[in-house]
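First the structure, which I've put down as structure tokens, then a few questions once you've had a look.
Here the chain labels run A, B, C and D in written order, and each chain numbers its own residues starting at 1.
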Amino acid sequence: MAPSTPRLVVPIDLTKKPWEQKFTLHNRWHPQIPAVAEVKVGELFRVEMSDWTGGVIKDDDSAVDVKSIDLSTVHYLSGPIRVVDEDGKLAKPGDLLVVEILNLGPLPGDEWGYTATFDRENGGGFLTDHFPCATKAIWYFEGIYAYSPHIPGVRFPGLTHPGIIGTAPSLELLNIWNERERELEETGLQNLKLCEVLHSRPLANLPTTRGCVLGKIEKGTPEWEKIAREAARTIPGRENGGNCDIKNLSRGSKIYLPVFVDGANFSTGDMHFSQGDGEVSFCGAIEMSGFLELKCDIIRGGMKEYLTPMGPTPLHVNPIFEIGPVEPRFSEWLVFEGISVDESGRQHYLDASVAYKRAVLNAIDYLSKFGYSKEQVYLLLSCCPCEGRISGIVDAPNTCATLAIPTAIFDQVAISL
Amino acid sequence: MAPSTPRLVVPIDLTKKPWEQKFTLHNRWHPQIPAVAEVKVGELFRVEMSDWTGGVIKDDDSAVDVKSIDLSTVHYLSGPIRVVDEDGKLAKPGDLLVVEILNLGPLPGDEWGYTATFDRENGGGFLTDHFPCATKAIWYFEGIYAYSPHIPGVRFPGLTHPGIIGTAPSLELLNIWNERERELEETGLQNLKLCEVLHSRPLANLPTTRGCVLGKIEKGTPEWEKIAREAARTIPGRENGGNCDIKNLSRGSKIYLPVFVDGANFSTGDMHFSQGDGEVSFCGAIEMSGFLELKCDIIRGGMKEYLTPMGPTPLHVNPIFEIGPVEPRFSEWLVFEGISVDESGRQHYLDASVAYKRAVLNAIDYLSKFGYSKEQVYLLLSCCPCEGRISGIVDAPNTCATLAIPTAIFDQVAISL
Amino acid sequence: MAPSTPRLVVPIDLTKKPWEQKFTLHNRWHPQIPAVAEVKVGELFRVEMSDWTGGVIKDDDSAVDVKSIDLSTVHYLSGPIRVVDEDGKLAKPGDLLVVEILNLGPLPGDEWGYTATFDRENGGGFLTDHFPCATKAIWYFEGIYAYSPHIPGVRFPGLTHPGIIGTAPSLELLNIWNERERELEETGLQNLKLCEVLHSRPLANLPTTRGCVLGKIEKGTPEWEKIAREAARTIPGRENGGNCDIKNLSRGSKIYLPVFVDGANFSTGDMHFSQGDGEVSFCGAIEMSGFLELKCDIIRGGMKEYLTPMGPTPLHVNPIFEIGPVEPRFSEWLVFEGISVDESGRQHYLDASVAYKRAVLNAIDYLSKFGYSKEQVYLLLSCCPCEGRISGIVDAPNTCATLAIPTAIFDQVAISL
Amino acid sequence: MAPSTPRLVVPIDLTKKPWEQKFTLHNRWHPQIPAVAEVKVGELFRVEMSDWTGGVIKDDDSAVDVKSIDLSTVHYLSGPIRVVDEDGKLAKPGDLLVVEILNLGPLPGDEWGYTATFDRENGGGFLTDHFPCATKAIWYFEGIYAYSPHIPGVRFPGLTHPGIIGTAPSLELLNIWNERERELEETGLQNLKLCEVLHSRPLANLPTTRGCVLGKIEKGTPEWEKIAREAARTIPGRENGGNCDIKNLSRGSKIYLPVFVDGANFSTGDMHFSQGDGEVSFCGAIEMSGFLELKCDIIRGGMKEYLTPMGPTPLHVNPIFEIGPVEPRFSEWLVFEGISVDESGRQHYLDASVAYKRAVLNAIDYLSKFGYSKEQVYLLLSCCPCEGRISGIVDAPNTCATLAIPTAIFDQVAISL
């Protein structure tokens, strides 16, 4: 076998539940979730993953599964994977873990995905005040392309990527997360301005033992209870990377992740066949199962050398990455603008979230003139390769945000003015 | 002369002040500022413009001019230009004005520009709490490229564009602007969360007679007084387009602007040789004088057909545009992430502005390891062709924003990890 | 199973010889080679293939296998595959067969390839007068990237494609081929000017029973003997497509192939991980085994509607194709020119082959200044994603051809002047 | 004035003839044509040029001017320009002259161009056997775009470039040129195979005093007579660069030209608003007057360091160049193939010229199905940004060449199959 056949370190059997897999998945961040595999720097290896819900969402025409999903169970991650150098020495806190994404795709035999909006009372989304009901679109893949029986007339190449890749936090970092998110939840209402109706979305997703799956750690044991009560939810991206939903993290990308525990113990999941910037509908990419072919490297002491703490502790850092060379090529883009004035006409101060919301709403209204329902366009803009930009963020009081849509994704030419 | 030689409809003489030009410039939005020229749909024409300050900032090594600038005088715009159809009939409220940018560039003989940060007490910028002092970098152009004696080791092709292009508002729209911005200024402090220190930046820029220049309307007359008291400042982008600072509005772009008054009466100014997404330092692009070669079209009734009001009145709309085919091509990008946790460690709720701020700060800290001062990098990220993206905006409580920098702008290769 | 899981219609077992496969491969073009599978338009299917030599070339450091290869045995093709419409009716002569390449890659477990130059006396290559000896470089794949222990310091993403895809010729077309190629071989010497030394390369590759493998048709039978004596070799591309070695025929491409026999009976093989324009070393791409995921359509009567005969019969046509959207993105290119003056200083008349030869030689000499042997560069330019252009072909007596090399394939930056 | 305003070193007055210009143009290559200007390395300067015919071709609907043109008078070049280093020392034979193209475009007030086919008896073209008559299309420019009243329904951005840029040859190099081209003309008929009918095109364009213009050297003097008899015609590209017609030599490109005489004495002309690879119709780009903004550098001893003689003397070299970053971006390409079988059905041996001819003919026939005459398509493919590739050049006996056309240049979508 050539040295370039990747070693499968985390297999997935799609006929089994997340807790029945050879290496039980996990859906929390915690330093004490044990590694399930070890890889050496330079080694080519393959990680398989279920879709983020562990198979709850089905390939059918009903959104009942989306409406009733128990969100305490997501996202199911593969790993953690421990990384050692050529001498077998573990990655250490303070190092940078370099993860190069060499290939990825859907799992063979499972070439489909879904995009959904959650019900306002169960998850919601960026525009939940406009689209309060659960909806779902199924996507089928034709190699690099996706098409949907629920959104006819569009077909586009995927910029496939893992929504989540991150290293295990140290206990100290975990405490920082839990503390700041708890404070937001407790004091957040007066802090909040995005849109009153968004209040029905949880401000933060704090640790809960409900739905918790912790890899090898047996449920119900005192160890499990302790970890489950402490472990961070996987919803937000944080200092360790995690659920960053960066659509350009595709083939050929290199990610520089800070290491907080011995071995780095990185996990990955939430594969997206394609996603638009913002992933606006929340369950918004084309969600699927998949595989990654990866290679790791360790930059010893790299955190201090390359990252600068952006907060009160040396742990307040963010990953860096490089984009790969094979993104789909589009030449014509239709662009919608938004400013930080909300739908009621109220002026907000340099608020990029409000501006982006308005740009997305403008795009939805425009595209719905071409035979689509607004719900269909909302799903489409969530998962197609559209670009969300912060164009101007200093011209008080209006941020200008833009949403650029490649017109080639549409069959009909008439989509342009 | 071939039909493709553009007719010069607004000339600029750089030896003269804005109010000495053949067609006096204007620095406010108001329906009663008279048009200075008329163009027919399909006609090729050329508009020249001063830099946004009308020549106040000089090509020298001192930032004194930036520190002491009177911001009540900006931006100096060329126009308004009235548009008629082939039968000589004016564009009408409810129409869409299509403006195609066919060519643009610096004014011959004036091939230089500047990027600056304002003093915290006089304008500020996105990171004014970190960079409170006025600074300035001069850029010289070598055809498509810019380089700066104040930021050595970088050189990049410009994605040149007008920072401002917009139609005249109707009185009704003007009133909406003034009302909502006044309300923000009056009630804004409790509404504000971006960063306490930003309070020193004005929340809004309300009408003021100070510094007001209104084209043909003679200063001091009752008409001037009335208009000057009502006319909207040009700082923020709004429903009419205006100061959107969209860096992709370059050669070959087409802008669809709503028409609010007879003739559309569009104005343009604030030419940028190059700008990064966000224009973070506020005086942040490579500011210059310049020319535009344009062609217009009118879509009769296009506002109703293509735009959807996003607020309480039919006027609450935003322009749409298409990107041109000649943007500079980069293949390697270094990307910095930010999440909505601020520098004090405080958690914000899905705040894209905070996330983008953190991404920019991360980039500044990283690049300052390669021999640049942080002030230099702040200026650079404000004007180089970097891309600011909203990557994930639904994963409560953290928005993830990214800033992607094309590494080819740097001479030194070592800029990568 | 989702409708988007491709059906495997031609499997390959890499432990077996071409004639031991479930569907015996074939290495000739002939209308009477029976189809091994049938696919319906719109159906997603998968075709596997061996490397072009059927496994003769090994993953080792010796070029002995290349030197001694029996070229009468190549290329081993998978198929023929018969295509029917939705009503089960066969594609008919005069139709166009549309083949869309939806995905492709190396066969799992066999992620390696090779580039070689043949010995001057056994195959040769474009520069065989300069490089008369057999050489070989092995390439290993890391997902989208290839690297070689024999050409250190380069690594590039593949623009993977099948070197051969073509429909079965009719007997009439086959006769045209055999006749014109025989005439060339018989009268060709006086017709030849490229380079005297090239005479040692065969002028044409005429039918031969030696090495012939004809799919299901049993060797030694009278049927086999007849077909083997008539069947066209697979070396040159012709009216049916075939060995066109078009490097852009990758993911997302659509090929419009003329149909000459009932069912179209198309075959494919000669998978290339990557190839430079011209495939100059002849065994010049990164040759490998692989798979294709395809979808077909039939345009009834399309030959007449879309193709124009370019010769004395309606059969003298060429395929058309469209390029897919996911080619690797490069921004810096180093370009070498050549004119139609050969290495002896002799002037040729508007000869693009001579000009391209000189451009390739210029590139080899230049790159050999950076630590590579000329043989290494010859192999590299044969398989890396370089572009070969006919720049000017009318400025008598010199054609100008160019070879553009993306500098990002090199580790060392110093490759530029 | 900022240091980045280019100094105008060669002005053109379009109301005057080539020999009436401030610096008389020249239309031959010879070491003794005196330099008209001197530039220093690093200095930004501007060179203006007439169209290649010096104004003979008019903006009208008749091809009479094309039919009757005296081709002994072309191409009119601006220069020569002498280059010195920072110490005022001349570039020397053996150096490399680096010319960076920083900006370029049509001359203000002269924004139009033409594409033409010459009469078979007076110039001809690549397909003169198919298109023997003189034709002409006028193009008007709208900034970056060109459109033609003679080829309705197409509009495309230009990849503008000088068709000719080259250094003065030494006497030794000049002799080599004259000798080898004379030999071709004398012995060429038996050497020729492209297409019998091409015989009516001159095999080479040898020195002639007719039509000769030699810059400052006064016509009729003995010096003029001597030089005129020796000086090389400008039609073919050669070792000094010259008429290479490389369409990618646009903004941001860098050319490395060998230096053969003191000062390098480079000349430039033949500006093309746009050209297709091959410039097939000979007068085939969108020909225009124009300006270049340039910067030079000298690499001392660079010829020996970077170029390798590809012939019997150290002078047998070719330039190298790097492509700039602002080429127009296209995403959809329709591609036509050709093989080295000519229109009579005759087989040629690996002849890229024949293969490319067939690819171009295939494209012409295809596009003529969409309402264009074949003459219109021939002109269009000569000047639109199509790419001509040598795809496979080793698969005896057929070279495969391809012509790729960006479909976005057409108004009508139906251009695809």
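The definition used in the following text is that a residue touches a chain if its C-beta (ideal position, glycine included) is under 8 Å from a C-beta of that chain, and two chains touch if they have at least 3 such contacts.
Labels paired with UniProt names: A, B, C, D = Formamidase.
Everything quoted here is computed from the prediction, not taken from an experiment.
Peer 1: Please identify the chain with the largest separation between its CA centroid and the CA centroid of subunit C.
Peer 2: Comparing chain centres, B lies farthest from subunit C.
Peer 1: When contacts are scored as defined above, which chain pair ends up with more C-beta pairs, B-C or C-D?
Peer 2: C-D
Peer 1: Where the centres are mean C-alpha positions, what is the separation of subunit A from subunit C, in Å?
Peer 2: 40
Peer 1: Counting only Cα atoms for the centres, state how far subunit C is from subunit D in Å.
Peer 2: 32
Peer 1: Distance-wise, how many Å sit between the C-alpha centres of subunit B and subunit C, to the nearest whole number?
Peer 2: Their C-alpha centroids are separated by 52 Å.
Peer 1: For subunit A, give me the residues that contact two or more of the other chains.
Peer 2: Those would be 325, 329-332, 408.
Peer 1: Quick check: in the complex, which residue numbers of subunit A touch subunit C?
Peer 2: 1-6, 44, 59, 100-104, 108-112, 140-145, 157, 251-252, 293, 295, 324-330, 408
Peer 1: Sort out for me which residues of subunit D touch subunit C in the complex.
Peer 2: Within the complex, subunit D contacts subunit C at residues 96, 98, 125-126, 176, 180-181, 183-184, 188, 191-194, 201-205, 235-239, 243-248, 256, 277-282, 284, 299, 302, 305-308, 310-313, 316-323, 325, 331-339, 341-353, 356, 358-359, 361-362, 365-366, 369, 387-402, 404, 416-417.
Peer 1: Which part of subunit C faces subunit B closely enough to touch in the complex?
Peer 2: Listed in rising order, the residues of subunit C that touch subunit B are 329-332, 408, 413.
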